[in-house]
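Letters are used for the chains, namely A, B, C and D, taken in the order the chains are written, and counting of residues starts over at 1 for each.
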Amino acid sequence: MNYYAGIDIGSTAIKLVVIDEEQNLLGSKVAATGALVEKNSMEAYNDLLKDVGLKESDISYLTTTGYGRKLISSADETISEITANALGAKRMGAEFGTVRTIINIGGQDTKAISLDEHGTVVNFAMNDRCAAGTGRFLDMAARNLEISVEQLGEFHFNAKGTPAAVNATCAVFAESEIIGLLGGGHSREEIVAGVHFSIAKRTIRLTKRVGIKDVLYFDGGPALNKGLVAAIEDELGKELAIPKTPQVTTAYGAAIQGLEVHTFEISEAREQA
Amino acid sequence: MSSTGFIAWVGLCLTLVSLGSEGSVGREENSPLWLSGTPPNMEMMKQFSRAHGGMVIRDEERNYSKMLWLRAGDDLKKANYLSDKMGQFYLLDVKSNASQPAPSSADSAHTAIKFKMPDEGYYNAYYMEQNVRDGVRYVDVAKREVLKHNCQLGHDFDVEQHRPQSAKQIPLEVLRLRFDDETYHTRFNSGKNVLFKVLYKGDPVANAAVTISTEEGWSRNSKTDSEGIVSFLVIQDRFKQNEAQEVEKKQYKPKQTEGARKYKKEGKSEHKQAESGGSHGRMRRRSEEFLVTVQYREPSIGEIDGLSYEQSVYTTTFPGHFSPSQSAYKSYAYGLTFGSAGFLVLGIGSYMYRRRRIKPFKEVNLDD
Amino acid sequence: MTVEEFPIKQDLKKKVRKIETGEQRHVRHEAMEAKEVLNEIVNHFSGNPESMDYFYERFEALYCDRQKPHDDKKVIGTMCVQIPDEIIYAAGAVPVRMCNGFYADEQVGSEFMPAKSCSLVKASLGMLKSGTNPYCDDVEMIVNPTTCDQKTKTGSVMRDMGYDVYDMELPPVKESEEGREYWRRSVRKFTKNLKDITGEKVTRKKLKQTIGKVAKAQHSYHRIQQLRKAVPAPVLGKDIFLATNAFFFDDLERWTEAMDRLGDEIEQRVADKHNAAGVRTPRIIFTGSPPIFPNLKIPLMIEQADAVIVADETCSSNRLLNDMVSVDEWFLYDMVDAIADRYLKSCTCPVFTLNEDRQRRLVELYKMYNADGVVYQSFAGCQVYELEQRSIAKILEENGIPMLYIETDYSPSQSGQLSTRIEAFVESLKSRKRKLA
Amino acid sequence: MTKIKNWVNHVDLRSFRFWFQLAAFVLLVYGGRLAIDLGNSLPTFSCGYNRENGGVCYLLPLQHQLAQPWSRLFSGMGLAVLTGLGTFVLWFIVINKGWCGYICPLGTIQDWITALRKKMGIRYSTYSDDQFKKLKVIKYVLLLLLIFIPLGIGGQFLSHDLGTPFCKICPGRMIVPMFNGDFSQWVIDFASTERMILTALGMFITGLFLVGSFIKKRFFCFFCPMSALHYIFAKLSPFKLIKDGGKCTRCGDCYRVCDMEIRPIADDVVSVDILKDDCIMCLKCVAACPEEGCLKVNVLGKTVFEATESGFKKRMTPPEE
């Protein structure tokens, strides 16, 4: 039995996945990125291997993705997170139907990817330089409102009045704007809902650039935020497909890529032999 | 004057006019006498058939006879047919044998001459009469050249053999000089220069007044040069439109049945005819009569029939046909004028346009 | 000034250090930038064509060693691709394209332009302001066509800097007869007015000669273009970008010779079935805002991400050299009009109202060069390219051609995100290719 | 095969055309002397007034035939008209409008006048777009007139003196026979008002023709009713001028060399069959097109001559002095 590992090194978190050759998810892990990317990654990698009971030598192919993909010297292969995300979503989203569109909100970027019926990337869009509407923005908002990120969903559904209009979607300016809104008599719930809706609008605008078709798959850390999911669904008028472990889709895709490349190499070697 | 008398008078006038228009009787004073080949009425016309040189009478043996009528008047269409016989007919046949035929009895109402034309070539018919009025002797000569030609006998036209002839009896004679390239089929097309020579008693006359006039009333005066020669450019009086069309409609007989292929040959031969003046045209050509009149005065003293005179005035006429063909009257000069006009118009136009274009910018004009 | 003169080399014995002047600092910045990009072009790729050395050296000489490209001739600066080189050559001067790609210059230029304006315009202005570019001193006149708003307006800024600026009027509509006539007048006027600057009249004979010379240069470029159609790709796009960039300032005949040598080498490579990239490397058509040395960021990223640029549709390369003048009768009028037509009618610059030509051109390039995708670069603030992006994307999509739209500027940052996009695009092209195979 | 193709695509069209035109000129203008007769349905201005021609321009017999009395025209003669037209079409489709660019004696003469102007260093004139659009209608008007005037004559509405009206005003009648030393057409015919006007107009137009073709390339072809007649049948010809709009960069090189100033050749990127009514199919555009395979000549769907980059290079690079 061959095993494959995928590491997705994002700006905020490192996500790791181990799969077998049937693409079954054996285990996954999320760790903070930090500054010593390679060290942190390898520690988390070893932890995960221990959890699933494998040795490093059992892994046939280690594939890395994400911004830090080139920082891991022991990686067999690197792929971009968009391709990885698509591969992962195709597999993980299979239970919802054929995934044709992916929304991925990460720590510092938002991506929209459209796939064809075979799961190949047809088009994608990313937010431009600023971190507006990304996970980082949610972090900032939660911190300013003195709640935890996990509580955001709860606050969203508890909002009684109209959601506050949050205009500046810039992560840097969020602080001052939220203070302004609090001063204007808005409750925290309203502000949270407002933040969610503003991110939702922004995300949908981005997604429309690649086109919205069939199953709309939503992953990345913020997909765990039920409030945000609800906001996007309300804005879009369409249900989203959320995987059980939305954070690790990309790492999962990276592992699948490793599996495919490895299989291809084996068959090629066989042909040559 | 009573009204009955007036009506009678008008009636008389009308009768006279109608008689005149039928063409018979008298001759106005000083109107030229000339010999015409056109029968005076349609009844007569039926006896004639077409041949080279005009209408002829053809008998059973295919012998040609020609008949000429004596007419008087400048207007060649309406000139009166004369019926009095004051003068004498003369005839010169092809071989210059002279005779003095009597007036023909074929048309008793008019003065006419009829003669047989056995040989190929030019016959010259003359009529001459003289009278004295107010001490002046008037000698009037009418001459006509008649060509006999039968295409079946060949086309060898010898200019020498057919050179113009003159009769000894005729004091003032007009000769039409032959063209260098003359054939039996040569026509006097408009645009050609026709030369006439005037002889008085066999010698060329310088400075004789010669007039040419045509059916349509065009005329031109000229004087002979030192050799007695005068030249006229045969001009085409403009046809009356209807008449031209009548001719076309009546006589236009297209022969093409083989379709397009034939057209080309037609086009070409037509062109060649225009060049050579041949008569094998697809259409019969229109022809018009012209009349050359020469006058010559000479002081001479004598007496005729008891009337004495101190001066003689000789008048000789020479009629003929000329052909306004398709290429009836073409002018190179005008052609070149129009051509150069086009040349200049566009040349100057484009020069001006180009000059104007050198100027930087021309505003767009709006029509208001 | 050469690198040796930089005060950075301290005289250790005397233990004194002169502080750089602004100009020296700017020169150093430019040299650093140029050196870095040249390094990347030369050293990060293996198997560079040998005849590219000429071009590498040309750039190094110009930006690091500050050698003037033209000593003896008058230099006429041009701001856009629409200024006819032939006429300037015929007037006895040398055209030098003032479009610039230095980040250091862009920083200087930001002073004169709004924050959200195009990097290229800012950098060009910055170059003129700092005046450190080796050919800036000699520029007799800058010909500034009225292309996009930003370029049009920079005319006055350049005038304020003390340059002699000639505004050449370009119509915004190129399809109409009025537009054609308008531009012809502009070109005719320019031909006439050039004499005042250069002192040499454009004559029939001279213009004919220079048309021939420029045509020769174009032919050698075209030859390489034809060779680039070969599969596998015999040469990388970054090299061609660099070579065509040298056309901006290099001596025409020397450049042509160098291109001929490069052509010979590429021809040999095609015969040898040499592969400049990988076996499954996607072939890319590059379009949009022009990559101008040293801002070859995006082309380099593309080729580092294992794709190869086989053709481009930019005014620094293909649009600059593609269309040639044909003349029926070698008279001044005919030649000038022919030149005017060539620079207007075939121009696919997005400033014109319609961009149908550019759409067709891209589709055709895609087919002709057996490409797999299109990368569309737009400088942030370049409204016309940003605007056209949609219509181009639509046409390409209709034709089933994948396109990556990248908004970028001259800043060296943001490369992390850019490379992710480019790599993802290249990967998607690869998987598409695999599937098609 | 590739070699031949290559050779064709690199041909020096200018001199090829010159010699071809010269040969065609001799054949048609002096052919009669050599006992050559190609009939009288030729789709080119081989003037019937030229006595030595090697074949006759179709317009002359056409006008003749149509002037038949109607009773004749609409019975047996009609068949002859159709036969003539059929022959004309058969001749025409062989090389399509190439008749104008390569064979027409009047066209060749214009090219020679152009060459003379070139020698003298005088530039040519052009029409503006506006003028072009207005003027191009003239040839259709002439075509209609040359059909309806003879019909009017046949129906006895018009005078016979208006027969072959176009030939009367066609400068070919004056100019082509001239090459056989025949100047007999350089006249005004005073036989009737109609003739006088037509022949005067003809001479005037001859004057225009001579100046016009001196300053404007192929001046007369623009007004040529034969060209209009050609265009009616152009689609039937297997000889086609094809444009691949996708490859076109609209650089206008083809328009620049076009003697007929046909703008769509450069601007139209939609039409495949790019032959326009004014085209004389001289193929200069194909020779001047720098885009590989953008313009080409197809015969029965097979490309015989096409634009190539190397061909352009060979033909269009100015000779170094």
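Please note the rule applied: a contact is a pair of C-beta atoms (placed from the backbone, for glycine too) under 8 Å apart; a residue touches a chain by one contact, two chains touch by 3 or more.
From a predicted model like this one, the values you see are computed outputs, not experimental measurements.
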Item to check | More contacts between chains, C-D or B-D | outcome: B-D
Next on the checklist: Among all chains, whose Cα centre is located farthest from the one for chain A?
Outcome noted: B
Item to check | Most central chain, judged by mean C-alpha position against the global CA mean | outcome: D
Checklist outcome for this item: Whole-Å distance, C-alpha centre of chain B to that of chain D, is 47
Checklist outcome for this item: The distance between the C-alpha centres of chain B and chain C, rounded to whole Å, is 90
Checklist entry - Counting in whole Å, what is the centre-to-centre distance of chain C and chain D, each centre being its mean C-alpha position? => result 46
Checklist entry - If you average the Cα atoms of chain A and of chain B to get two centres, how far apart are those centres in Å? => result 117
Checklist entry - Given the complex with chain D, which residues does chain B contribute to the contact? => result 190, 236, 238-239, 241, 244-245, 248-249, 252, 254, 256-257, 259-261, 263-264, 266-268, 271-272, 274-275, 324-332, 334-347, 350, 353-354
Checklist entry - chain D touches which residues of chain C in the complex? => result 175, 177, 181, 205, 208-209, 211-212, 215-216, 219, 222, 226, 322-334, 337-338, 341-342, 345-346, 348, 356-357, 360-361, 363-364, 367-368
Checklist entry - Once bound in the complex, which stretches of chain D touch chain C? => result 118, 121, 123-124, 128-130, 245-253, 255-257, 266-267, 269, 284, 288, 290, 292, 309, 312-313, 316-321
Item to check | For the chain A and chain C complex, residues of the former touching the latter | outcome: 67, 79-83, 86, 109, 118, 120-124, 126, 128-129
Checklist entry - Which of the residues in chain D end up touching chain B in this complex? => result 39-41, 48-49, 51, 56, 60-61, 64-65, 68, 72, 76-77, 79-81, 83-84, 87, 125, 156, 159-161, 174, 183-184, 186-193, 199-201, 203-212, 215-216
